[in-house]
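Read through the structure below, which is laid out as structure tokens, and then see the notes.
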């Protein structure tokens, strides 16, 4: 049997591009001309495994796991600098969101363990109260993601608390049931 | 004689047959009223296809023709000619477009076939009611108007003049020459731009067949092919052209200061005098100065008059006014050229804010040996840059600005690299997305540059900043860019950055196009008659295009198109007569009550009210057949020939029946 | 089976018909529900044509001309616009949803846009359902029969049978 | 031999019959040439008497009014059978007339409006007309009320039309004279009216039109010399056949279109829409709409007399 | 001028000082903010990372509730501003989104037609109230106060703004790379505007919990550029930016060995100061990085 260490087509996922393409806002992705404006504009470009431009070429070529397991998507801080500059008007930030969701759903968010923990806790908070409750969010997040690093958060917490900026009690919206009904309906629709 | 319609269904290879069930369509057509003959053929437009129709007409089998094939915009003319050759009036023919608007755009064979049937039935029903129309011919005025005196206009005007035809060349600037007059060298051969352009400019100025109207603008165009009426505004120069001998005494002594362009610290870069009375550059044709009234001291406070004093020929006249000149021509060549994209809106490139960020045109003038820097490349502080970045695709290939590729930037950018390397000892970076070196000798030029140690970085520049992070960046412009081939974001400190601004349609083009009734595409350029087969003609007969008014072009392509346009004009003039639209509107005087509703509807003023008869009358020579008046006529007295109500009603019935 | 509307397009020669051709040249796919009639200018399009098309069975009518300012005949499209604005005001009283008659500007360069408009319009009309003017007329007339005549006819039919 | 004539009044106001009487002493000339055997408004002659006649026995029948119910239709068909020449007299028979405005409603909604909804109606039992009812043991019958008002030629074959609401008496005289002298134009023609539109006989001065505001007669006093349309009044003169002598216009009121459209015009009201919109001044959608807002009830303004003859004929049900 | 007010979660907690200053200054401008009853969280960046459609749905609930008032919605938070606008954009541009949201809202007894404009309070103050009015209200002399305007990233992202189907507000209300509206506002208050480059660079707020070091690096860049250009304080418009640059400033110092001491205040606090209000009325004492001595001196007119 011959052997050559190259990337074989059989290991690539050629449906990945269309998967992203078919999402609302994903349409422009096929138009990328690999100019690099996004990477050059990204504040985190340097620390990412692959800067945004390369993410697009990886998606095109079908390197599904490389994309979903990269730290890139978790380093995106949603500043939209890339998206606002992209000459092809690709909604880059929105694509990053889509990748985050797929990664979380498929359990590929290893490098985004903390970010996904924070996001999930945030969602739990909103679903519970209708609003975010900073204090509880941070407490839950630290417990679930960084229990050994809890002390790190204390000084900031104190600075907020001592200046009267950290309410201890959550605010629950009156019609939380309505919000939940809406969410439940979305859930049903997404299932279909 | 009853109607005997022949229906000819074209396969167009598989273009139609691949999506439309031809057999079914043929069977269907056979069953339609008045259809006496149905044939199918692989390519109706081919010689054998055409002969098929011609023979059927000649044999007396049919007296009306329907061809179901491509778009009438493609082949209506072809098949009309077939009818004429066969001895049938060409207006007894209709095309059913079952390709562009049917087989090419739909997927489902059954439904596409159904649609084809509907379109054919519509055509058949309409054809039954069509009436023969007589061709009209009008004489062609052999004089031509050329709008724009850049290299395109110059070339077109000279070609025509050399053929012995009269030309009026209108240029809105004080001199002809256009952008090419500002260039030092031209790619890829590096010829001296002035050396090749100046002789042509001089011939224009001296040619007995060319009437040059510089510092003039076209105000109005009326009429139609072969017979256009043109009104030109000759702007006042405040200098009598008949007296002035171009000695230059006036601008040498003028105390006023004119700013050639607004933008940044380089706004005074100029290839001509920056005085208030000026010629745009030394080789100007005509070499007659113009007073810039905005900066002239005389016009500001009446306190000067030096130019008039020094003029030995008393050519200065501060009271001169604009003149309107009217004349007639038979054809028009639009050669309004381009303007460069203004990069000010792209804030992240800092143009206008960062002194040493220049546009391509500024850099071009800076390089021009006869310009204000004497061809020396200098920073705002006068010193020589040690490193220069050249940024490609500024305003091009970008949905926020222009989606198209400006086509010339890659090559002029490479030319800059070469000029810089030739003139000074500086590092040069080319920041590009793709290098498009497609013309004759272009790739070879790129190859040459690769050997000249130019640093190529593949990546669109994200940002140009003056905020340093490293010591070496202090006092420099820093380009942030992803080097996409390396996959790293780089920061590159530079002394000067040149923005390769794209080409866009000249701001005057939309007005000119409106005057000539030609369409502008969404890119802002003129839409040619056909992108491949009619690149110099427009949708308006008698109006042709040359150069960058059609799309961004380099000099060789522009010159080629200009010559093509002039030869198209020549072939038209040589015919001396031209057929014009027969499908005009006409008024049935027995029905018209003279309500005057139609009188204001005609954009060509072809409808006049006849006081004596008390009815409105259409001047068919002026009518272009739009049919607006017919639709507005409340009494059905006006009919739009070939688009009569009953014909369209029949079409509606047909299109909905199958 | 889903309802497939019949749509008649009236396209001006210079912009919209050319734009529709461009969609073809570029092989952009769109719904086959539209069948177009070419006129030289959108200014030629009489509201009468539209009523006629609706009467003859069109479920929707698309009028397309050059963008404002771009008319090949300078101003024909403004006339089309004004006629359309006025016509729309009366349609609902005929029981015709005004959305069934749509005016769009399509430039010669806008093949993609033409396709998009057709698809969108087709969906919209599909949602509105069939117009069926003739059926509705027949339905309305069904009752408009002299009861005696009807008796006679019925018995007549019975006799023949 | 004296000719035999008949006059019938379908769904209409009777104005056409009055117009016939309004030919004054000329009626004597007519009576000399023709015997009117059937004229319900003026004399007693039963339907059965007509039925008893030979087919084609009438030389001329003038039918006025639209066809609105089964009786109208029955008589129209009967008269058609019995006459050589059938003339639609007046706007209603010609193009539907005012009664055909009912086509924007349904039979049901009209009955409800008339028998229960109108402000002056007291009908607590909700009594509605019945086609058949029994009174004192006798079965009574009413003609069927139609959903759709029709023109005469939508029901029977019509030979000629005399338009107008009502027709100008002189026109009736002209038409009758033509019949008497055997000088009839081709079948299907409009007789007694012109071939051009009203503008032809309108005495007002006309210019090119650019309308920037639509006005109503109650809000202005129009210039007596100038075209009313140019002054912003909706005048249907341009889409209406001449022949009336510009009656309304001469009294300062705009034409409302009773003489119907010219030959070849498929829909009078829609044609007016096209003509009027053509000469409205603005180009911007909003400004156009602002001008059009001045037209109160555009549909019934343009189709006041011609709904039954319009392309769509009635509101979709 | 009456608006429907959508404060957002932060303004009700960690950014309560923002709210205090808004309450203190807007009445004088003739602006009336009526808080949307029972509003819920917009979803911010975090919700979007888990479920896009639900994120749009919770946003849409707010828009639907606001629609019946037929007034513009005003929010002081850049994140809420972007998220609500983006929801509008997707709702109007993507029929599948519109459909789903319509059905979901219906389940909650609500409906939305996509016609609510969401605006940032900065936009309202600059474009509806107008700078002349601000100048007119300014009584305290601030010309010695060097203020660095920090716009942050999410306020100038025109691709999501404009409203109605297919309609795009090409320009947003300022340029994405070089916004100047707050510069003008600072000048209108009488203070001196500091020109510096980092005014639209991301502060890393959404990374602060997860990739703290990276976020702090971004903060450092902004603080350094402002300091190098002589800023006494930074003025911001977003609760998330403020918290990052203010509360985490000591941490930036300890991590990178810098000595930043730059108060980060809200633009409404600056306006309040110009109007002559006391720091306490404006919530200024709640800052983590307290007002510096030079700053206090300037305020006292010394």
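Here the chain labels run A, B, C, D and E in written order, and each chain numbers its own residues starting at 1.
Quick note on the criterion: contacts are C-beta pairs under 8 Å (C-beta built on N, C-alpha and C of every residue); 3 or more make two chains touch, one makes a residue touch a chain.
Being a predicted model, the structure only gives us computed values, none of them experimental.
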**Asked** How short can a chain-to-chain path be from chain A to chain D, counted in steps between touching chains?
**Response** 2
**Item:** Clusters that remain linked by touching, chain D excluded
**Value:** one piece
**Complete:** Highest contact count belongs to the pair A-E
**Asked** Taking each chain's centre as the mean of its CA atoms, which one is farthest from the centre of chain E?
**Response** D
**Far-end chain from chain A, centres as C-alpha averages** = D
**Rounded Å distance between chain A and chain B, as computed from the means of their C-alpha atoms** = 48
**Whole-Å gap separating chain B and chain D, where each centre is the average of the chain's CA atoms** = 57
**Complete:** So, in whole Å, the Cα centroid of chain D is separated from that of chain E by 69
**Item:** Numbers and ranges of chain C residues touching at least 2 other chains
**Value:** 46, 48, 52, 75, 79, 83
**Prompt:** Going by the touch rule set out above, which residues of chain B reach two or more other chains?
**Reply:** 348, 463, 601, 628, 631-632, 645, 649
**Set of chain D residues in contact with two or more other chains** = 266, 271, 274, 278
**Touching pairs - complete list by chain label** = A-B, A-E, B-C, B-D, B-E, C-D
**Complete:** As the complex stands, chain C meets chain B at residues 4, 6, 8, 13-15, 17-18, 20-21, 23-25, 27-32, 35-41, 43-46, 48-49, 52-53, 56-58, 66, 69-70, 72-76, 79, 83, 107-110, 115
**Complex interface listing, chain B residues touching chain A** = 348, 393, 397-400, 433-434, 458-463, 480-484, 487-489
**Message:** Which stretch or stretches of chain D touch chain C in the complex?
**Reply:** 70, 73-74, 104, 106-107, 131, 143-144, 146-148, 150, 266-267, 269-271, 273-274, 276-278, 280, 283, 285, 288-289, 292, 295, 298-299, 302-303, 310-317
**In the complex with chain B, residue positions of chain D that touch it** = 195-200, 206-210, 227, 237-239, 242, 262-266, 271-272, 274-275, 278-279
**Asked** Across the complex, what residues on chain A touch chain B?
**Response** 33-42, 45-46, 50-51, 53-54, 85, 87-89
